[in-house]
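Some structures are shown below for you to check.
Each of the two complexes below includes chain A, the first together with chain B, the second together with chain C.
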Partner chain A sequence: MLDTLARPQTELEDQSFIDGVITEFGSKPGGLLSILERIQERNRHKYLSPEVLKFVSSRTGVPLSRVYSVATFYSFFNLEPQGKHTVCICRGTACHARGSRDLLNNAKLMLGLHNQEDGGADKLSLTTPDKEFTVRTVACFGQCALAPVVEVDRKIYGRVNEREMRKVIDRVDSRGKVP
Partner chain B sequence: MPNQVKLKIDGEYVEAKAGESVLDAARAAGKFIPSLCHVKGLTPVGACRLCMVEVAGIPRPMPACTTTVQDGMVISTVSEKLTRYRQMIMQLLLSERNHVCAVCVSNGSCELQDMASKLGVTHSEFPYRYPRLPVDASHPRFVLDHNRCILCTRCVRVCAEVEGANTWNIMSRGVTSMLAADLNGNWGDSETCTMCGKCVEACPTGALAVKGKAVEEMTKNTDAVSRLATARGGTQQ
Partner chain C sequence: MKIRDLEALGEVRRQGLAKYKPARPRIAVGLGTCGIGLGAEEVYQTFVSAVEALGADVQIVRTGCFGFCAEEPLVNIAIPGKPLVIFSQVKPEEAEHILTDALAGTVDQARALCKIQSWDHLTGVVNFGEGFPGIPEWDEIDFYKGQKKIVLRNFGLIDPEDIEEYIAVGGYEALLKTLRNAEPERIVEELKKARLRGRGGAGFLVATKWESMRNAPGDRKYVICNADEGDPGAYMNRNQIESDPHSLIEGMVIGAYTMGASEGIVYVRAEYPLAVLRLKNAVAQAEAYGLLGEDILGSGFSFHLSLVEGAGAFVCGEETAMIASLEGRAGRPRTRPPYPSEKGLWGHPTSINNVETWYNVPVIVSKGGRWFAETGTERSPGTKVFSLVGKIKNTGLVEVPLGTPLRTFVYDIGGGTGDEKAVKALQTGGPSGGCVPEEMFDTPVDYEALAQLGSIMGSGGMVVMDEDNCMVDVARYFVEFTHSESCGKCVACRVGLDHCLRILNKISEGQGTEADRDALEHLGPMIRDTSLCGLGQSAPNPVLTTLRYFRHEFDEHIEKKRCSAFVCPELVCYYIDAERCKGCMACAKVCPSKAISGSRREVHNIDQERCSRCGSCCSVCSPAIAAVYRESGGITRRIEPRKKAKRAGHREKTP
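Moving on, here comes the complex of A and B:
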């Protein structure tokens, strides 16, 4: 509680980091992408908060609307806090034909996630309330020969079935386990 | 003269300034090329795809607004194929959002409506998407209705290039693209908006309108915006 109250603005430490990144990339064309990428990578929850976007805009002189436009255009950037573990399910054509929709529904069921609205084939990113897991979809991993493909914590698993996916998710899930 | 080029538009020889767009050259020669996203003086972006023309030697149609004239170019602005393309684009524009003329402030003075009738589009072959979209009435003077927006980015450009406020931009991409003020907050809460109203005047539809206007009451003065843009040494294209 105190933690959230004490952080209305970008922390000083973050600010100096952002300033460093901006001096490194600021003058290059397309530097904004590198700046946002570095900042997101460093963030504990791997996301860009509105405060950070505002700070980047004020320091680089890039209009806030442009920064927001860039951050929303690329699916790589997250504007919501991400979970500790990421389950990324391919929704490309090959994976879809091999049942990736069932995998996605299963992963959501397993982690207790609901779609707020069914956006159809659009990209999806859902995070559990305890910030442990994020389930997202991607258009293609480029591993269509291994369809259906699921990526858990940056490791790619091919020819996945329901049981295997559950096993992998169970393995990385540290909740309710004695360390 | 070195900065004068000669080209052929619909069989007529036309002289144009080097660096000029095909659209400007053709319009100066009295040709009709439909367009919705173009405003003279603002940077052309080729967003609406209505100004497609055929250039001899290039197999695909080219947007006239972002294609610069070259010496010896042979262009046709009218053909059966182009008419079909333009009508199709018009239908896609109409089916993408909720364009209901009967209840629109711009009914009767809407560029989208005018263009549809000019191109002979009476109905859409494509099913309407009927997306659920919000209306932002938080601004003290103006209203933004996403249902009527065609994403031409005229407002984005006039705000950035003429007013210099950079309040507007397009967020997200593809079918989920939407106009957003600053961090997609309420327009009325925007810290950058200067309330100048140029975006409203530049908007071709009823998406941006003056608050309190009833059906058919909103008329736009895009020419004034265009004059401002060119007077400030806007882009030559």
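Moving on, here comes the complex of A and C:
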């Protein structure tokens, strides 16, 4: 039943990719994690849609409840489409001691995300309504010697202050720029 | 080429040595994640192009990290017959100069950080040469003085992507010896003599753990390397894998042989892409040389190693949670017994050890347990790697014998805060540890001594806090972390930490009462005593230690509504001194809430209603003007603009 429901929703090309990773990792230790990691990595918006979760469940035989449980338990998985650009702020201890909470608040204010509901938690992922930017946190990049650390579009910037972070975000922000 | 005997290994060793200690100059650029973050990749590329442009006969290689992260990019230069010379903070524009010097058989002695005349890799000694009297030996400079590199024996010297260089310094000989002797019980004996304790934090005796796994019935057993380094503030495991992946593999194969396991897994954080890449490469090389996979070294013993990337859940560092994660479920711990050594992954006996534990194994096999136990203390032998970070001048990875006092880390190796600020506390053990106040820095670092203070050694994170850090905020920070990482299984941890967080929020907002403070002291032991796994059992430590040693800060927040570190946003207001403000617009431009009014050359003013208290204005106001000031509970402080972390200066030039 799930199988027939899932089919029309998941594009054929994706289906064969998913089948491929299931064949490769399905029976290995940590298989489900590896499968979901690879599917998310390949997705244009870096997320796992409900259709994909259903499809993975139908093909692996793992109950959907468990696939969903795994996808929601680990902070690496996104269940919502992510922004074109990602600003990831490290909230490790060394970064915190060197002022990363101010950086986080600043990034949220800069991108108009300060009013979005984040549950008051420090661990968050917020995306602008136009899907241009996602601001998220990571527990620790392990780059503590360069604290505070911010990652913008997968490039790490160490020893940053508000001004430098602003410069980097402005540089990648293509909105409202006259071509 | 598959290696099958000592002779073949010796042949590869000779080939490797020709690369590691070539007959031509060799320039190695430290390309760990820290180095790359500070521009080492550009430095490397510049060296490559310079060598091409000059057509020079020089070997350029990538190496790992020599530990001194604050001084990255580190570059080491080996000229045949001369000591290996390490340069720090190398910029791309210096590459040509360094290269031409090397071709002329010399180095700029005043520019160099330190030198190495001879290096004991513990599995083999390499003599580089003598000379360059103007450069101090590596262990003569402050950062390395007192360090002893057992785990970090190959770091920043060999090429981590070339198995032959690992073999060149005696790598895989311990494995060959182990398989030749075919006496796995002797490995356990050596571990017993070494009294090696697990380096992940709990400090369980490795020999006991391995022996019980060895004796567990079953023909299918697993060994797992716990590289899910989730402690914020700790990154030694990342660096270990990036800089010397083969030591891990060798340790694991020896362990698997000893315990009778045929399958191994390295569970590594997905946030460490370079470590994953280098380890995958190392596994492929080890397989190609017959050191991993089927019929290892022709002994008939087979062992397969695979990698699993974790997906960002701190609790998966707990062994039963990690097993659940590997079985494809949410990482929630379960009760023990049965211990994983009896019933682990899919019900089979499983032994999980921390990355650093595995790194000690080849050395113990090679040099013997007695030799290992000579270092460190009676109950905590050996060394431990710590990541020294936070408000400290010399950040980096520090490996010292256990029993070294905290003071040595902060002042001798770390060089203090690097500015006029005083050190307030040292946080050890991450979210499971505690904050040790400055007065107690004479405490030796070992498992028991730190536990007595209410902290733990943990995996080895050490974060230095100075007077600009608020201890209420630190406690709140850690509870925020453990609260969001709690898997939710135990009520005490799930609800208790939530309650702690609410109270700490109240206190940091100036709404707390004495009853709130007392409630924290009541909740802490309750959460500790009634949680199932290490996360909940240790989560109250940061709160309890700050309450114990920094009670006055809590009281100040409660009674005076004052945060004397000017950290807690709700208790701090920002103002502009009209007499000092020159109207330069710097603060107005950077203010994300647009709370600062006043145009150019006009005195600025902060609208307290709109101000989000982010402190951006403080960080941009010129120190010469210092117009922005802060107020909290009746005390004020003029801004000290947040400087970029000052990098450790070059050593004083010797006349």
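Basically, the second predicted complex is superposed on the first by the 161 of 179 C-alpha atoms of A that agree within 3 Å, B and C clash if a C-alpha of one lies under 4 Å from a C-alpha of the other, contacts with A are read in each partner's own complex, and residues count from 1 in each chain.
Everything that follows uses one rule, which is that contacts are C-beta pairs under 8 Å (C-beta built on N, C-alpha and C of every residue); 3 or more make two chains touch, one makes a residue touch a chain.
Keep in mind it's a predicted model, so treat the numbers as computed, not measured.
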item	value
Side-by-side fit of chain B and chain C on chain A, or clash	clash
Partner chain(s) touched by A:Pro63 [first = chain B, second = chain C, both, neither]	first
Which superposed partner A:Leu53 touches (first chain B, second chain C, both, neither)	first
Partner chain in contact with A:Arg91 - chain B first, chain C second, else both or neither	second
Partner chain in contact with A:Glu162 - chain B first, chain C second, else both or neither	second
Chain A residues touched by each partner, larger count belonging to chain B or chain C	C
Partner chain in contact with A:Phe73 - chain B first, chain C second, else both or neither	both
Partner chain in contact with A:Gly30 - chain B first, chain C second, else both or neither	second
Partner chain(s) touched by A:Val172 [first = chain B, second = chain C, both, neither]	neither
Of the stretches 187-195, 331-339, 367-375 or 385-393 belonging to chain C, the one that collides with chain B	331-339
Shared chain A contacts, counted only where both chain B and chain C touch the same residue	66, 69, 73, 122
Complex contacts: residues of chain C adjacent to chain A	33-34, 36-38, 69-70, 72, 222, 229-235, 238, 265, 267, 269-272, 306, 308-314, 325-331, 345, 387, 389-391, 395-396, 427, 430, 461, 463-465, 469, 474, 477-478, 480-481, 483-485, 487, 590, 592-593, 612, 614-616, 619-620, 642, 644-645
Residues on chain B engaged by chain A in the complex (per definition of touch)	156, 160, 166-173, 175-176, 180-184, 192
Interfacial residue positions of chain A with respect to chain C in the complex	28-34, 36-37, 62, 66, 69-70, 73-77, 91-99, 102, 105-106, 109-110, 114, 121-123, 138-147, 149, 156, 158-159, 161-163, 166
Complex contacts: residues of chain A adjacent to chain B	50, 53-54, 63-66, 68-69, 72-73, 119, 122
